[in-house]
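Take a look at the structure below.
Letters A, B, C and D name the chains as they come in the text, with residue numbers starting at 1 for each one.
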Amino acid sequence: MQKSSLTTGLSSVLRGRDQLGQESAGIVTSNGACPPIYTAHKGMGLVSTAFPPEALLKLRYGNLGICHTRYSTTGISELQNCQPFVVDTLHGKIAVAHNGELVNAHALRKKVMRHGVGLSTSSDSELITQLLALTPPMEELDAPDWVARIKNLMSETPTSYSLLVMFKDVIYAVRDPYGNRPLCIGRLVPISKLHSPAAEEEDTEGWVVSSESCSFQSIGAKYYREVLPGEIVQISKHGIKSLSVVPRPEGDLPAFCIFEYVYFARPDSIFEGQMVYTVRQRCGRQLAIEAPTDADVVSTVPESATPAALGYAQQSRLPYIEVLCKNRYVGRTFIQPTTRLRQLGVAKKFGALTDNFAGKRVVLIDDSIVRGNTISPIIKLLKEAGATEVHIRVASPPIKFPCYMGINIPTKEELIANKPEFKDIAGYIGADSVQYLTVEGLLSAVQEGIASHQEKDKMISPSNKSSKRVGHCTACLTGKYPVELEW
Amino acid sequence: MQKSSLTTGLSSVLRGRDQLGQESAGIVTSNGACPPIYTAHKGMGLVSTAFPPEALLKLRYGNLGICHTRYSTTGISELQNCQPFVVDTLHGKIAVAHNGELVNAHALRKKVMRHGVGLSTSSDSELITQLLALTPPMEELDAPDWVARIKNLMSETPTSYSLLVMFKDVIYAVRDPYGNRPLCIGRLVPISKLHSPAAEEEDTEGWVVSSESCSFQSIGAKYYREVLPGEIVQISKHGIKSLSVVPRPEGDLPAFCIFEYVYFARPDSIFEGQMVYTVRQRCGRQLAIEAPTDADVVSTVPESATPAALGYAQQSRLPYIEVLCKNRYVGRTFIQPTTRLRQLGVAKKFGALTDNFAGKRVVLIDDSIVRGNTISPIIKLLKEAGATEVHIRVASPPIKFPCYMGINIPTKEELIANKPEFKDIAGYIGADSVQYLTVEGLLSAVQEGIASHQEKDKMISPSNKSSKRVGHCTACLTGKYPVELEW
Amino acid sequence: MQKSSLTTGLSSVLRGRDQLGQESAGIVTSNGACPPIYTAHKGMGLVSTAFPPEALLKLRYGNLGICHTRYSTTGISELQNCQPFVVDTLHGKIAVAHNGELVNAHALRKKVMRHGVGLSTSSDSELITQLLALTPPMEELDAPDWVARIKNLMSETPTSYSLLVMFKDVIYAVRDPYGNRPLCIGRLVPISKLHSPAAEEEDTEGWVVSSESCSFQSIGAKYYREVLPGEIVQISKHGIKSLSVVPRPEGDLPAFCIFEYVYFARPDSIFEGQMVYTVRQRCGRQLAIEAPTDADVVSTVPESATPAALGYAQQSRLPYIEVLCKNRYVGRTFIQPTTRLRQLGVAKKFGALTDNFAGKRVVLIDDSIVRGNTISPIIKLLKEAGATEVHIRVASPPIKFPCYMGINIPTKEELIANKPEFKDIAGYIGADSVQYLTVEGLLSAVQEGIASHQEKDKMISPSNKSSKRVGHCTACLTGKYPVELEW
Amino acid sequence: MQKSSLTTGLSSVLRGRDQLGQESAGIVTSNGACPPIYTAHKGMGLVSTAFPPEALLKLRYGNLGICHTRYSTTGISELQNCQPFVVDTLHGKIAVAHNGELVNAHALRKKVMRHGVGLSTSSDSELITQLLALTPPMEELDAPDWVARIKNLMSETPTSYSLLVMFKDVIYAVRDPYGNRPLCIGRLVPISKLHSPAAEEEDTEGWVVSSESCSFQSIGAKYYREVLPGEIVQISKHGIKSLSVVPRPEGDLPAFCIFEYVYFARPDSIFEGQMVYTVRQRCGRQLAIEAPTDADVVSTVPESATPAALGYAQQSRLPYIEVLCKNRYVGRTFIQPTTRLRQLGVAKKFGALTDNFAGKRVVLIDDSIVRGNTISPIIKLLKEAGATEVHIRVASPPIKFPCYMGINIPTKEELIANKPEFKDIAGYIGADSVQYLTVEGLLSAVQEGIASHQEKDKMISPSNKSSKRVGHCTACLTGKYPVELEW
């Protein structure tokens, strides 16, 4: 599974979501002058590799910029697919970074190509950029109304996209009407006031926008608020301004990706007013209620399942222990010259903390089971090291359906929940029992915290209240997609 | 001064013009199947760096492909500017590699952008690609007439371009009606027949097209003929076929770049039926006639001026000697940690072969003087090492005008021939005398060999004879551009 | 603080202690034939960088080998200092890898140099290798008694060293009489029996020796036993054999480095029959007894203090929570182009899990405080994020003295425990209170588990029982060095 | 064939002999203070690769230093074999760089190892360093007499070595009594006086020593004189001083390697008072006298044979032309993915300048024929391109014997002159005739210039005149080695 993320701001900001292996990164800055000077850099690999110091130096005169990091995908990862995508138009350069996947990308590509435009990459970012350039027709003499063009784009594709669109002296942060991908705003404040709750709005030194609020702390910014579903927020030297909220079709609920809570986001990120860690802990508590276990100890598959495991332990009043110790370097980089090493598998990645669980019945919490390949050898390892029983409790429901909105989930056939073996999943992976959180349990764990935070959040205007109605995309779990799919 | 070059063929062929520092290289291949599989690789640096073995491996299943190498320019050399440029259209992918510079690029960019197309690079290759996609309008159902589109493109821009345009199973080799940039065709023959004059046409195993014929030898191909000015040659599994010759405006002569003979081309390349080395040697002979010298020995600034120096020596009956020995590695890569080393200048690049010329009057032949920075310290070195007189004879006329057709010549102000010091150029560079070849002398040295070769060449058809009328672009020497410039 | 580690075996085994930043790695193998073929490779950086695939390929025909990894030190890290050190002698090559630091290295270097030997590195490994070659005098005709030479070396230097000495077909694993550095033996077993307690001694496919048992699992080996203090163990195709145990001076106790338990070792390693994780957990429990706190929650500075924090939580019956989330990539590789980013400090490395502790009194467990630079900004971060009180409890006593036995501890002046500010350490670092584990508490937590394991261990012979008497080096805490220091 | 070279001086000087592929380079500098600070850097690859800027920066505070570059050899090229070799002794560090090969290395290694010293590399440099440290015995209290130690070393090994030995504030430049390897001294002068014959001795800003005088020019130094066979020259802040000339056995002549003239040295280097280029030109003239040819044109295998070819042309009064054009990059770096490219061989490296020789009889001059693999395809290429006859004239005699003095000549079996095919060498390589220069001819061409220069050279003292008696090592041509070989 993979996804991408965005950052923008008035500083050369680089941030990647670090649980996942980064694949490429791009950054574009503008100095906001007239005519503006743009500088761009794209590279393959981690941010630190993709941006050698001399590349960053080139960027330092910019005072606004957008950046994109992309994670490993099954697709081809040529440098050309790197975002942000920048094109020259009759009215100057525009740069677009995009997180998500347009559900009607195929039809939109045809439309653009029928107009006689060749597309040089397979990325939605180029498609969006050419759509912005293309319609309505460009007039040579007058400056185009970029906001109208963005609204026009939003009328042609319902989801899924969080966008950063940069023109010479302005950035627009845009979230699709369903709010499927996250996007939030932070304020750069003086370092001295960084952690102080007393930092006033007038202390703001600049604005940043990011897929995940956890990146704000790394650059000395404070979380401000989310971009609302359908909202277009303008960022310029005059500050931020909410321009418009494009509505969803009557009756449709928001559809923020529930897997951001379950798996993707860093635990210290904030979505919908609540910390991801806390949601995961609640998932663990809910799991303990739905699937209690007669066991001696509770533990985690490090490190993503730890909040859920602690929640399960608290609710079940079983002691929380550690059973595995991560072998940091070896897992990623070890060269395997012999058959022996290939056969070793998971034993290269984890050390068993035998004394902690030998002779005991272990409840092992995992955040999700996708293919079932990873958990099976861990169970074997624990049993051989002396665990008398290993019960798997999964802090999310089984994944059964593909995602067409930006998350690269394996094909339906590869998902363990769609295989015949799933009927006896415990037997298949060698566990004494396996239980999953229900969809209802997950939704209640996620949505319980939203209600309580609603009133605290900074409201844009009363008319936007409807946008805040609660709803989440659970398509990969239920097959109910937020919009009709078009292919 | 810089330029770029093209290669295509039925084999994964890589060739750079090696006197110049390469900057980037790109290659795209197709397997010609339906639907075709394209593989592409682009990289910065020399061919050997830009194409690591694993990249070449990816390409090996292609049976047609185009390749482009680009030389150091004053412009920005982002990877994105790398050719060939590939885009997806309604009717499949097209790939374009381009050598030259469109004189009306600015107007054409405006035209494309007015249509609503964003241009992601500043390269003419992308511009050409989008023009091919754009006009006439694409119809979804029927395959477009690519040849008509190429002709349409040629009607919109007179020069300067040599193009390779690849569709799934066909490559078109195109030269502009003025023939400003070179382009020639070679036959891949069995290695055993490579150097044999008896290799028949039926021995052909494949076809290659290149900016310079010298690249053919490196891959085991025999020179076949030039693409004519204005000609469109089709290469496919059915062999090569001349489709059409787009004519020049009534009365215009061809305008092949004369600096290819003077400076750019590798000496073993063939243009207009004659070897570049031989032309350079004739320039040296002509120079000896126009500018004889009372001296003891003739020598060369290694290595590009050597054929002219040998020609001068033969004509003047003065002995040819070597005066400088090139310090191969140091010049390019030496790190200069101290002021001393920075001051050393040319002494790091050349060793003086003192004993050969001490106490003698030297005629030193150079191929061209652009800024006058290089020759001056060489003269100083020779004099300090014992030459009693140093007379500079330049085997081409003074460069006075910028080139807008693909050669990156310094600005008018930087050219020594436009500076006040030029009046006393000998005094300025420290020579005892300086003399240049005349434009007439250069033209006669170049064109003398063409007449004699005309009849030997493989004629396309009698109607094409007009295309073979002799004419060369001497814009950088005379300011007479082959077409009106539009900016 | 830094240290190095060793591995040997009958397989091309690479293992580093992965909590610490690796700096260089070396490996030497022999095919055991006569004359033997040696292959060696050394490189800077992580094992994966230091050993590119083609280097490992070269090694594959070896059937015995030794390897060394070295961690970042304050010293110069030229490649030449890389171990293993290999020299050619009259009787063939010998290779030595060394973990530790000879307390009388200075005097031994003088001795070697007085004999007329030039030393090409500052490493003890070269010194040991030359000492083995030097004394007693080499005779040309007969093979030398290498074991006698090793014993002779051991008589000249009391500590600190764990050694691997390889001759053509044999490896000697040697631990100094005080057992200051760890060294343990593992058995390679069929993968199928790896985790099975039923694996018999006859299943052994080869032997490996390592500084830390955690490396065994990564290569498919089972922990067998420690090399005893003073023991020489021979490994060859005939298996392993304990040759001799060189005694300590009458009355001296063993002096295994207590900081291996506190800080250096990976938690799943086994020393003296007990798992490091368990010892750390006991340290946490002991700390809760010695330094109870009136607080709401217990947490850890991730990740090394987690076992102690869990132990503290269990003993104190306070809930264990997570307060910090590690920002994996950024900390190590982020480029800091602006003052802002430099000022951010620890905020780049950790995200605060605010909701878990806002409004609460936190007991934060750390494993050790060396300079006091790291903990102070973490406390600030927690307080600003809403912790009402932060109490620091350190699971080891204050470090006050330098280590001369292989651990690169900062100078006395840099240690916070020796600074005037230490009197009010809580005020200095901004904590509400600070308390350390006592030396007695640490010793009891460490030694409690040894007694219970003593009888289970595989005894070498009754005469060796004395070697197993319990004792640890606490020099950095107490200033009591196991032997007199000579400088 | 390969060799190595030395440079030293009062500046951070890097110079390689650039016709040959460099393999590794090392540099060591000292600041001459007490105690001195040494800094060292060694690396694989070309000087520019081996010494990244940050490594050179480290060196800049040195004011004396020695450097070594090593060329591709058949041996193992581990970084450890990199020179200079530096060891710590009782009296401080010594650094040794060595060019040559000790004829009795095997016996000396045994001697050193019998003393109990382990040798960590196979290099003579380490051996020399340990011999200097070893004998006579080191006394702890008094400083050793390094010059006596150097003389002692010279008494133990007759040849072949040019040495640079650095102690804290002094460098000794040493040449073996036979003068087998070159070594010469240059003066650093103000850049303004670099090429002026008027530069006085008082203008000297520092001294440099190098294997080849051509390197002086690159760093702004003037050639001063050679180190004499057997001479020890001391370089310090007090200037240079000739300390002693160790004599050869009664009756032995000097034995400077004649292949330095024929092949190795850069043409602008000076040996024995004469420029290498001039010697090569004389060889060509001599060859024209010994082996005249009935032909139309004379040419060269570029570029090393050019001076001889020009000499041949002058003597024979045949016109000199160029027949081949070097394909600079491709030869070295081209990746050969297909059989076709592998078969192409020499055609990838050279372009035929067909028009220059088609229909003509060509005399092609080569400097030497070692294995006969290179010349054969060149002849084929020329004939296929139209040469009616190709006569090979070689400007040196056939190589028949191995060199044990530092030049890595192929084994006797591989030398074409020792193969049965040599009887009909012309037929074997496809030439119309083949003739070699005679040993007498070569010696006279070399020695003719020495006599005339003798009196001009700066004499050390009358007693040294004997050292200047003329003699050269022709062992590879005649089998007469200057000293008895010991293996």
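As a working rule, a contact is a pair of C-beta atoms (placed from the backbone, for glycine too) under 8 Å apart; a residue touches a chain by one contact, two chains touch by 3 or more.
Everything numeric in this text was worked out from a predicted model, so none of it was measured.
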{"item": "Chains contacting each of chain B and chain D, listed by label", "value": "none"}
{"item": "Most widely separated chain from chain B, with each centre as the mean of CA atoms", "value": "C"}
{"item": "Centroid spacing, where centroids are CA-atom means, of chain B and chain C in whole angstrom", "value": "63"}
{"item": "Chain A and chain C: spacing of chain centres that average the CA atoms, whole Å", "value": "39"}
{"item": "For chain A paired with chain B, centre-to-centre distance based on mean C-alpha positions, whole Å", "value": "50"}
{"item": "Contact graph of the chains (line, ring, star, complete, other)", "value": "ring"}
{"item": "Residue ranges of chain C in contact with chain A within the complex", "value": "11-12, 14-16, 18-19, 22, 46-48, 51, 53, 56-57, 60, 188, 191, 194-196, 214, 217-220, 266-268, 274-275, 277-278, 306-307, 310, 314, 319-322, 325, 327-330, 332-335, 337-338, 340-341, 343-344, 347-348, 351-356, 380-381, 383-385"}
{"item": "Parts of chain B lying in touch with chain A, wherever the complex brings them together", "value": "40, 42, 78-80, 85-90, 94, 109-110, 113-120, 122, 126, 129-130, 132-135, 137-138, 140"}
